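Labels run A, B, C and D following the written order; every chain starts at residue 1.
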Amino acid sequence: MFEVENLRSGYGEIGVLKELSFAVQDEIFAVLGSNGAGKTTLLKTLARLLPVQSGRLKLDGKDVTDAPAHTMPGAGVAYVPQEGNVFPDLSVMENLSIGGRTGHRPKAEKLEEVFTLFPRLKERTSQAAGSLSGGEGQMLAVGRALMQDPKVLLLDEPSAGLSPIFVDTLFSSIAETRKERGVTIVLAEQNAVKTLEIADRVMVLSLGEMHLLRNRSELTMKDITAAYHI
Amino acid sequence: MLIVDAIFIGLLEASPLILAAMGFTLIFYLNGFMNIAYAESITFGAYFAILFNVVLGAHFYVALLPSMLLSGAMSVAVYLAIFRPALNRGVGPTEMIILSVGVSFLLRYGLILIVGPENLFLNEPSIVYMQVLGLGATNLQLVALALVFAMAGILYWMVYYTGLGEQMRGLANNRELAMASGINPHVTSMAIWFIAGCAGGMSGVFSGVFAQVTPYMGWNVILITMLVTIVAGVGSVRGAFVAAVVAGILTAFITLVTKPLYADVVLLLAFIGVLTYRGARTA
Amino acid sequence: MMQLEATNLTKSYHEHEVVNIEKVAFGAMGLEGLIGPNGAGKSTLMGLLTRRIAPTSGSIKLSTDTGTKSLNPLRSHEVARIGLIKTNQRIQGFDSLTIRDSLRLAMTPPDAEGLKSIFAKTRDSDEVEEKVSYYVEAFPFTDREGHARSGGEKKLVDILRCLIAEPKLLLMDEPTAGLPDDITRKVMNMVREKVASGAMRVVVVEHDLPLIWEYCDYVHFLSEGSILFEGEPDEVKSNRVVAEKYMGV
Amino acid sequence: MDYLIFSLSLMMVYIGLAQLLHLQFGMAGIPNFGVVGFWGIGLYGTGVLYVQFGFPLFLAIIVASAVAAAVGYVLALLVLQRSGQAILAATLAFAAIVATLVVTEKGLTGGVQGLGTIGFPLRELDARNLVYLGLLVVIVGAMIWVSARVRDSRFGRILSAIRDNEELAASLGKDTAATKRMLFAITCGLMGVLGGLTAPLHQFLVPYLLAPSLTFAVWIALVLGGKNHNLGAMIGVFVTFGLFDILVETYAPVPAEQAILLPNLKLFCYGVLLVAIIMFRPTGLLGVDSPRSPKRPASGAGRDVSTRGAE
């Protein structure tokens, strides 16, 4: 799916990612790391919201290093940022509807799927997204992304700031999405335990560099702890 | 009776203002700056109407549509030529306003250099006075009122119930997420500037037909439009609609109970008061 | 004696509680660290302590030798004047001021900057110039007489502004983000010296945990808006709750 | 009064207003769009006190200016801590209120008929006109000199800090709100002084003088000359008022029938200039003043101004 070669990226003059190379296959690809490891920067760059400072980015073999952000959904990439992941003034329904603009299937069908996955959203269709609780907001954000009918779903720390019950629900929804719809998922997380339950492969970032990249089965908590410096 | 009078007169007087406030708000909401050159969308709308109605001799109601569309086209042209490059260069909101003052001067005095400073008059459709609910009004006023409200309704519907409105509000709300959701910021912005220009143009045509067409007519209502927009809160089209109607009725009411000129003073003081409590805070 | 104390402090956005702290005290231990996973509410807590963010409920008090003062009714600049200053996580600066002017500004007291100063003969006292030179020359700025050039230099100036202002309690919000390693160490060594000399107390919010373990005398662990554990670095490091919350058990 | 001396006197007033706006906007970042209102309070206040109440001219100017300063202070209390757009709208509204009140209060101001200034000391064409122009030059020169002092002073440093990042300045213990209020009240008072000094130049004070076009003319001049440069205001007024109003309108050989279009052409050119400046040279013709710091170590590396932000 995604091929990343010698990627450097960051904000303005500040470099965050240093020479990152990896490839995402049809899988749940987890990016773990402590605060400030560069997870958000990586996902934003994949979504083309941050310029690539150097290196290449390919999607399905096609070079998208300089593709404008708004063409990415058409190419099958949906992105859920960690912060600002809904349109606060728009209603729940409108948020979903904005997501539903891409893809070929009818909106109604996709809506039904999202409501099956997150029944709570159905009860709140006319409520402004800004007034949702943290967990509901996160569900809406994922739901909006799924409305795009993506091939690749980029999720940036969906568990951040959520209560444990919501985290459980959310992660099982993510696993279900993978299983039912075959969507490739790039999941950036700090929550290693939950992530290891559903990921196929795991890349651990530490201060902008790749600490390790392995299959889940070859990975122990100890490997991760080292990268977290605890 | 005073109140009914006020409401009726207020609605009649506010009708062009409602459209102007809504169009102005759209741009304010989308691009985050007060576009003083929006005054020229209003003025040019009226002059386009002069072109079709007086010069080319079309019926007033026939001239309305092309005038409106041309005004929208001009709005897009100005956006593409000046405002978009400036926004891309990161010009701040206050400088954008000053820039829009420059654009406003350029357009207005350019217009005067071409057509002259004289006041012009549109050929009104034949006027019939009628009694509605015990109040006197002309058929033109009533048609204008109906058309303005229809247009305002269409704008409202467009902003709140169509895909374009959704995209526009999404873009204004969270630009990054909007782009990540596949909204093309350029196309959406152009659409908004076009629609805002159309609303301004129509507002200008009606202001023109009720009084006269002058190069300063847009300028004369831009202050009140700005204030209405700010009072309505940053970029709620719904709010601009309500605030424009309220401002119109309030002006009419104050005019009826006091000396006419004090109406402006009271209204302006009220606006400053609202800004004190509602304006966005800095440190 | 010097202590910043928050009691029953809460902050909610849209009924979503970001911070809920029963009681916490900063500044008692010298150089302290505040750590926690993403979304724990660290930045919100910093904002609450310096009155940039209004709390939903709760009280904040600063106790010094001269007495105890409630911060709740104070405005941002008043908080700074009683000796509580914060460095910024995101790059903040005065674009038109040179590095030196920016530092001079930070250490000039209010009564020296009034209208009268317009007609003063010299602008800044020798004492000010000396101190400014000390800080500017301690670091390898590209242009010591001009403006901060890179994001890193701006970030460094932000920290130096706070150090030169000599607050009683300095809050540092992610000081290392965007700074090269050697500069970070130099800054932290400087901070450690200042704390050791008793000039100020410091709280560092950081995601660079090795730095926390190395420099801090005491560490507060914040998760889900509450202080879950406090102690010396080794205790915190080996604490199960801390590891679990970071890793997400 | 000789037309050239009249024009030059008016030009001095414009330079003074632009210089004060430089202090407000260029230095402290306060977008005052009510310049004509404060100037107008000075103008009409002086006229009314002098004509209707028999105040001596200079006492009338002082009282009227004090009113302008007080109004500035109140307005500052109300809106100065709000966003730039709110300040802009509120000051614009304030100027409209002043203009409206001048029309409504006919008893005092003469309304649209105007207030005859019979008895002002400058009616005769004699040396006093030149002396008055000299006085204006001195006053405006003093304003420019004080601005330079402000720029180089600790007070000016705070103003720059507020303009660049008010929240950061407050977090360092600066009472930014009080500083802005004080600056605003004083400079608005001085705008009143300039208004008061304008009163004797006119035979009649008419409400038309209070049209917002004065505010815009001052803004255009400042932005054109360079809002962050101490001489930007002066250069800007030379280029706009000096070039168009004085040189072209007075001396250009334009046939009478086209001459009526000249003011429109002038304003059209203002618009083009303003757009071009903001698009291509946002710091104005003169760019940015390099801040002088009195003490610098001998190493004295070259000062690079190019990295300074446009703001």
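Definition applied: contacts are C-beta pairs under 8 Å (C-beta built on N, C-alpha and C of every residue); 3 or more make two chains touch, one makes a residue touch a chain.
Computed from a predicted model, the values in this text were never measured in an experiment.
Separation of subunit A from subunit B in touch steps, taking the shortest path, is 1.
Listed here as common contacts of subunit A and subunit D: B, C. Most remote chain with respect to subunit C, judged by CA-atom centres, is B.
Averaged C-alpha coordinates put the centre of subunit B at 30 Å from the centre of subunit D. Rounded to whole angstrom, the centroid-to-centroid distance between subunit C and subunit D, based on C-alpha atoms, equals 41 Å. Taking each chain's centre as the mean of its C-alpha atoms, subunit B lies 48 Å from subunit C.
Residue numbers of subunit C whose C-beta contacts span two or more other chains: 76.
Those residues of subunit B in touch with two or more other chains are numbered 283. Contact with two or more other chains is made by residues 167, 169-170, 176, 311 of subunit D. The touch graph of the protein chains shown is a ring with every node of degree two. Interfaces, counted as pairs of touching chains, are A-B, A-C, B-D, C-D. Per the touch definition, subunit C reaches subunit A in the complex via residues 14-16, 18, 37-40, 150-152, 174, 177-178, 207-210, 213, 224, 237, 242-244, 246-249. Taken in their complex, subunit C has these residues touching subunit D: 50, 52, 75-77, 80-81, 85-86, 88, 92-98, 100-101, 104-106, 108, 110, 112-115, 117-120, 122-124, 129, 133, 143-147, 149, 161-162, 165. Only residues 33-34, 82, 85-86, 89, 91-95, 97-99, 101-110, 112-113, 117, 223, 226-227, 230, 259, 261-262, 264-265, 268-269, 271-273, 275-276, 279-283 of subunit B touch subunit D when the two sit together in their complex. On the subunit A side of its complex with subunit C, the touching residues are 11-14, 34-36, 82, 130-134, 157, 159-163, 167, 189-195, 207, 221, 224-225, 228-230.
Subunit A makes touch with subunit B in their complex at residues 47, 49, 68-74, 78-79, 81, 84-90, 94, 97-99, 101-102, 144, 148.
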